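Mind having a look at this structure? Questions to follow.
We call the chains A, B, C and D, going by the order they appear; numbering starts again at 1 in every chain.
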Amino acid sequence: MQAWIDTIWLVPLYSLVGAGLSLIWTPSITRKTGPRPAGYVNIFMTFLALLHSTIALVGIWGKSSQLFSLLWFSVEGLDFTFDVEVSALTVGAMVVITGINFLAQIYAVGYMEMDWGWARFYALLAFFEAGMCALSICDSLFFSYVILEILTLGTYLLVGMWYNQSLVVTGARDAFLTKRVGDLLLLMGVVSIFPLAGTWNFHLLADWAEKAEVNPVVITLILLGLLAGPMGKCAQFPLHLWLDEAMEGPLPSTILRNGVVVPTGAWVLIKIHPLLQLSVVAQQVAIAIGAATALGTVLIAIGQIDAKRALSYLVSAYMGLIFMAVGTGSIESAYLLMLSNALGAGLLVMALGSIISNNITQDLTLLGGLWSRRPISGLSFLVGMAGLGALPPFSGFWGLSSLYQSLQASRPGLAVLVLVINALLVFSLVRVFGLVWGGKPKQMTERSVEPLWLMVLPMTVLAGVVLHTPQLWTGMGLISWQSFADSWVLLLSTLVGIGLGAYIYLNEGIAKPIALPSRFIQDFFTYDFYTPQLYKFTVVGLVDIFSRLMYWFDRFFVDGLGNLFGIVTILGGESLKYSTFGQFQLYMLTMLLGVGLLVFLVFRT
Amino acid sequence: MPSTLIEPTTKLPPSTHPFAEIIHRLERGGSMLPDTEENLMQIIGLYKAYAIPMDFYWRDLLYIAERVFLDPVPAFKYFLPKEYLELANHYAGDNADLRIWRGYATAHKELLEFIEKGELKARIPKLFHHFYHDRINMEFAEECMRAMFWHRNMGGLLEPYMDSAEYKQNADRAIRAYFRDNPIMLGLYKLFPDMFIEQCRQATMYSVLGLFWEVMCPVFLEMSDIYDEGGFKGVPDAMNFLVNGIFAIAGRPIYHRVYIRGEWYDIVPKSKGFTWLYEAAFPYVEAVFYRTSPFRGTKSYNAQAREVPDDQNDFHYGILYADKFPVASAGIPPTLLHQDMYHFLPQYLVDYYQKFCRGADDMLIQLGVSFQRSMYNVTSAVIQAGRAAFLYPLDDPNPRHLWANRYYFEGQLNRFANPKYGMNKAARILAIQSQDYR
Amino acid sequence: MATIVDIAVSNPDFSTLVTAVSAANLVDALNSPGPFTVFAPVNKAFEKLPPGTITTLVQNIPQLTRILTYHVAAGRYTKNDLRGRESIPSLEGTPIDLYITAAEFEVNNATVIAADIEADNGIIHVIDTVILMRPHWFHPIMRWGKEGIKSEGVVV
Amino acid sequence: MLSTLIWLPIGGATIASFCSAKWARIVAILTSSAILFLHVLLLRQFNLGTGEFQFSENLPWLPNIGLNYTLGVDGLSLPLLVLNALLTWLVLCFDREVKERPRLFYVLILLIHAGLSGAFLALNTLLFLLFYEIELIPLYLVIAIWGSKQKNYAATKFLIFTAVSGILILAGFLGLAWVAPAPKPVFDYQSLRSLSLPVTAQIVLLLLLVAGFAIKAPFVPFHTWLPDTYVESATPVVMILGGVVAKMGTYGLFRFCVGLFPEAWSLLSPWFALWAGLGILYGAVTAIAQKDIKRMVAYSSIGHMSYVLLAAAAVTPLSLVGGIAQMVSHGLILALLFNLVGIIEKKVGTRELDVLNGLLNPLRGFPTVSALLILGGMASAGIPGMVGFIAEFLVFQGSFSKFPLPTLLAILGTGLTAVYFVILLNRTCFGKLDNKTAYYPKVLSSEKLPAFVLTTLIVFLGIQPHWLVTWSETTAQKISSRLPSNAIVQLINLQQQ
């Protein structure tokens, strides 16, 4: 058993091997046969990873965590060590990652059965899996940064999967650049904390933070930098837009992204949480960003007509809750929320994906009336909703209630906010459910069958896992029914959300689409608080104008000056168009002059 | 040596349509595809390369419709049993109802060889070929079926029939029989009957497409044989062969039956009088040649981007509009078909493609373009057949009749000139007029 | 007077039609009181069809029936009765298009070469072409062709 | 040993110039392979334990003017020598682009190689200058003969700027020899190093040298020759030019500016650091505005060379190792990018960002070239896993504690690097091929080979950076140890006031 634990670092390598093998089946290399073996190979490798991490999890269960380091390289006394923490938590995270990726990959066999880009697609999924598995056992801030940055590149490539499509191209670009902004601030934090703490090891950093005496302004700035990385990954305000645009990517990758990729940021956030105690401002910022994002994105989600986007914003909202949890030091609830999100958000995407796969449209206003013919997808969606919203006994409830209770004591205002967010979250999901499964069939939903078993099976398996999570948690002693009694208000807010949602969206009597009294407010939500425009007129516009300006300056001023200088010295090098030979002579002249000067100087002494 | 075209005795003033030249060609009995030897060679070669995977498609479609039926985990639906490989095509062989192809009625020999050895050229178990993706891409055939299933109101009586009580009764009988020993599925059926009925409708559509292609396969094979014998003088000849074929087979019954434990269950009985032309061919052309659904690799499905039309009627992503250059990129489903045809290209086409662009390296795109040409020719045949069936002869002396013909042609070609959603830009009709598009 | 069937049988020009009607077991129906308006194609009309068309139909009686019933409308309509109408519904279900002026009488793409032959249980119009059900897209396409591309006619 | 490195290519060039074109190619390939092999030997024999010069050779040449043939190699020059050998080898072995007067091309490339090796090896300021100047002649010729449309303009501009750079450096060296408190003018590097000069004199001379090397590297605002020269030069030429020749500027900065004027350098280094930070931003921002992919890559070089300046300014052992690593990594990455851009230009016939599209297309585009371009662009943008990240990170970490603000500016610069590379990749690799024009010829595998070799190195050194940094560790310590400590600098500062 110990052998499995000692070799846990193999887990990321399995999928990397798979990713490498996939290249064989890229269409420019394998021409005579198709690309599907790439998928099968990767599914197999992921299965191995899942198996290995599960066995290791059983082995490490109940034991204390094991720490060890692998030296990467060392230069000028600076050791770059890959610190590994093997604990039930980190190995458990691996199991979740490999498990969801395993299901997502099988789902993709069905969903992408007509795609010819399997090699690239599966290689990238494997790449993500490897990165995330490595991140989960990584105990070093430096390597966490490295992995996040590499995954940013992965996002660019994965969103850019269908690169022929113009919105994919811009989506990939924006995803990359937005995440990169977060990563760079994180890098600044990584670079600047080292001279102070002398280590990048999370455990040592935590020890250091306990007794550190540092300039509060400096440490606040550093912490804000460290926060920015998770903010970008978790699509928090104001770096949230990329997730919307990333929805242009293939849907099976969205399962992985919404479920586990986005929460990588939260994972790192939890890791740096001990440092947050050094700065109250940083804590406040984390809470404020989380709260604003959670409330804002859940409202945006309600304004979306695109099925995938209606879900993606909820992931931002959920991550916002985790930011609040970490900011207030409620780490346990952060972990619970993260797991709920991994399973619930993944399941929701699978359920909607099964609809999109054969009803073509993603427009919620064009869907409807599918309950009788698509009950399996519908039930899975409902289970996913129960996995996210606070609906006891299902998994979503426990994380939320843990957060609610911890906030109730310290910051009652935020506790109320959690209630509101929960109600809105549930409302938005009921809305989607009502628009897709409720009502009467429309042109695009008149014919609709449950899709291929390769999609239905992983979906139902994941639904089963979501349903059984609370049991698992009870078994692990993570949750107790006592907390239900303490947070019944939360249930109330859920019921309000469901009730209101059902009243509006499962009611034939109310005409849809629902128009808010103010067109402006409606558009404000629909168009994502006009963030794209905001970006365009601020950062993007600024860089654009500034770069043109600088280039103009460069051409006409700096270069002009140089040319002027050139003209003065050699009487117009450009305009006179010397022959090659003529210029050569000129050069010889310069050389001779130089040497003459040299000789003159030397022999004068 | 182009084949002779009709010179009408009564002449109309020249057309003012954007595709006037093509209209005039159609009015003289030509095809939308220019009549050149190169075009003839390309389209016939492609018909042959298409016919062989199609021989697999129709057999497997019928197998799925009749045997796999509602199997919840149809993991082996692409593994054709011997029975279906030997199933006699009704339009080929000695015992044909109407002998279109002079060859044999069982599965094509090149197909059988491919199934056995694949491109790996190895006699290894079928399962291995399957997992190595060294196989016919049935997914493409299923996608065509789904397009026909999802796009509604394309005419014919079958579509409304599938919503009738009679159909539901037939389906119910078959479903009960099929799941007789499976209490879980029966229980589910009790809970969600519509889910099963809908699956049954899809199975019906499998059958429809299978029966449709059962006809096209021998037609294409025969055309290839005639060409090899030197029979066609030009593109219009090839088109006219198709026109005649369409007429000859128009009355072929369309039905769906399921084989459960030694017994046939009629779901759509032959006695309903559903015909090949109205219930299969016209919807097929509409759904597959014109509409289908946007390739994910080229169009955004984002609802707010509004790239996907709100109305099924505005879908325009079929072969006639498809951009062939991204073939083999991610998200371009026709790649599956092109790969299937790639295995069966006649030697003269392989040699031909070697001479252009990147030769063997981009053959998939080159044959895709040829396929586009050949399907413009098939569409021309459908348009001409429609003209012959519902309108007037091209040499009709009555000018009013000729005007009706012209309106018909112009109306058909308007589908390629419509600026809505950029359909005019997407349509490849102008591109195929030139030999340089390849 | 004679029934529709009697008239058809007595005329050798209708021999193909009669064969088809008896193959489709429609003799009794057409002998019933009706009344019917029958658009009866002459032999030459059948000969215009490409080879194989008839073979397939004769092999498949329900399909043949469907084509034949398309040539029949319920009710007794003379040319004059039909004037001013664009179409009448056929027994098959699909409407039959009409074009009638003083000099001309056309149904779908067939020309009536002898109109208003009275029978006991209906009326016969002799046509020179076998008419086939025009699909639902036919009229929108024709309209679109007539109005030109700018009309943005949508094919339904 | 070291002399062989200089004279072997000269010998090869001489032989090649008497052969037919076909044989000249064979001679060139053999010579460059032999050189590469010698460098591998050098790497194997190099003693990592000492920061002193190794394999030294000393021959009096013109003793009365102090011009001696003194050669030596240390951890600063070694990586650059190997880079030089590698790029020359790639250019000579795999280039098929030069069809016109190939023999002359091989000869000139070998001569450039010899000149560069000489400059890196020279331990005598005059000898260095000699090589520095000599190498200009073949460089000028390769730009002017094999360049594109505006080659004459570009070559002239290059010539003028570099000549000015040479004169400035000459002036600096002469001045140094002049003020040295010795009976005869001193040009020997080792002796110069042991001198202690008045700070004011140091500053004047330092500024002369810095200006000279800043033109060569180049740093803003002396960079304007670069875009024109790089863009107009043929692909193999620009690989050498951007890959190694420019490194002479930064090499000189490390060797002569930091090495010979430690006090003045410490005094001025905050300004140099700021200069570097702004230069990085300037380069990145101007690159964003480019519409031509080759020009964009060329502009990327301006910012990226300034990382080396930042490293030099900080003069911590870590930053110096980072700086040297950055020279190597930049050489590899830039050579890769220019190689790929060259292939694209050759096949598509344009470099316009607005025209290029969809080259990732697996059948009609250039999937491998595009994939490598993505990799190269990302390496340049400092994505971990590739060599660019290692070098940049060491520079950042090494410089941060000394110059936090410029370092943060530099990090911002890597962010902007990502912006223009994403623009470049999005436009060229992503998107859809145009149905009317996209009938490009395919890329032969032999054309892709240099890119594969470079990519392998970029990834390998990114994953196993030990092989990148280990050479220069002791040398960096030695250079850094000669710098006065902060306290002394402050003292000098006070004295100045």
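Assume a residue touches a chain if its C-beta (ideal position, glycine included) is under 8 Å from a C-beta of that chain, and two chains touch if they have at least 3 such contacts.
Nothing here was measured: the structure is a model prediction, and the numbers come from that model.
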{"item": "Nearest-to-centre chain - CA centroid comparison", "value": "A"}
{"item": "Chain pair with the higher count of C-beta pairs in contact (B-D, A-D)", "value": "A-D"}
{"item": "Distance between chain centroids, defined by C-alpha means - chain A, chain D (Å)", "value": "37"}
{"item": "Inter-centroid spacing, chain D versus chain B (mean Cα positions, whole Å)", "value": "60"}
{"item": "Mean-CA-position distance for chain D and chain C (Å)", "value": "88"}
{"item": "Separation of chain A from chain B, taking each centre as the mean of its C-alpha atoms, in whole Å", "value": "42"}
{"item": "Chain D, residues touching no fewer than two other chains", "value": "358, 360-363, 432"}
{"item": "Multi-chain contact residues (two or more partners), chain C", "value": "none"}
{"item": "Multi-partner residues of chain B (each touching 2 or more other chains)", "value": "298, 311, 326, 328-329, 361, 364"}
{"item": "All touching chain pairs, where touch follows the definition stated at the start", "value": "A-B, A-D, B-C, B-D"}
{"item": "Residue ranges of chain C in contact with chain B within the complex", "value": "49-53, 55-57, 59-60, 62-67, 93, 108-109, 132-138, 140-146, 148-149, 152-156"}
{"item": "Chain D residues within the chain A interface of the complex", "value": "64-66, 126, 133, 136-137, 140-141, 144-145, 152-153, 155-157, 159-161, 163-164, 166-167, 170, 174, 178, 184-185, 220-221, 223-225, 282, 285-290, 316-318, 321, 358, 360-363, 367-368, 374, 378, 383-385, 389, 393-394, 396-398, 400-401, 404, 407-408, 411-412, 414-416, 418-419, 422-423, 426, 429-432, 464-466, 469-470, 473, 476-477"}
{"item": "Parts of chain B lying in touch with chain D, wherever the complex brings them together", "value": "298, 323, 325-329, 357-358, 361-362, 364-365, 431, 437"}
{"item": "Residue numbers on chain A that touch chain B, as the complex places them", "value": "25, 27, 31-37, 40, 113-117, 120-121, 161-168, 247-248, 250, 304-309, 356, 358-366, 372-376, 443-444, 446-450, 453, 456-457, 526-527"}
{"item": "Chain A - residues contacting chain D, complex", "value": "26-28, 72-78, 145-147, 149-150, 152-153, 156-157, 160, 163-166, 168-170, 172-173, 176-177, 180-181, 184, 187-188, 191-192, 194-195, 543-544, 546-548, 550-551, 554, 558-559, 562-563, 566, 569-570, 573-574, 577-578, 580, 583-584, 586-587, 590-591, 594, 597-599, 601-603, 605"}
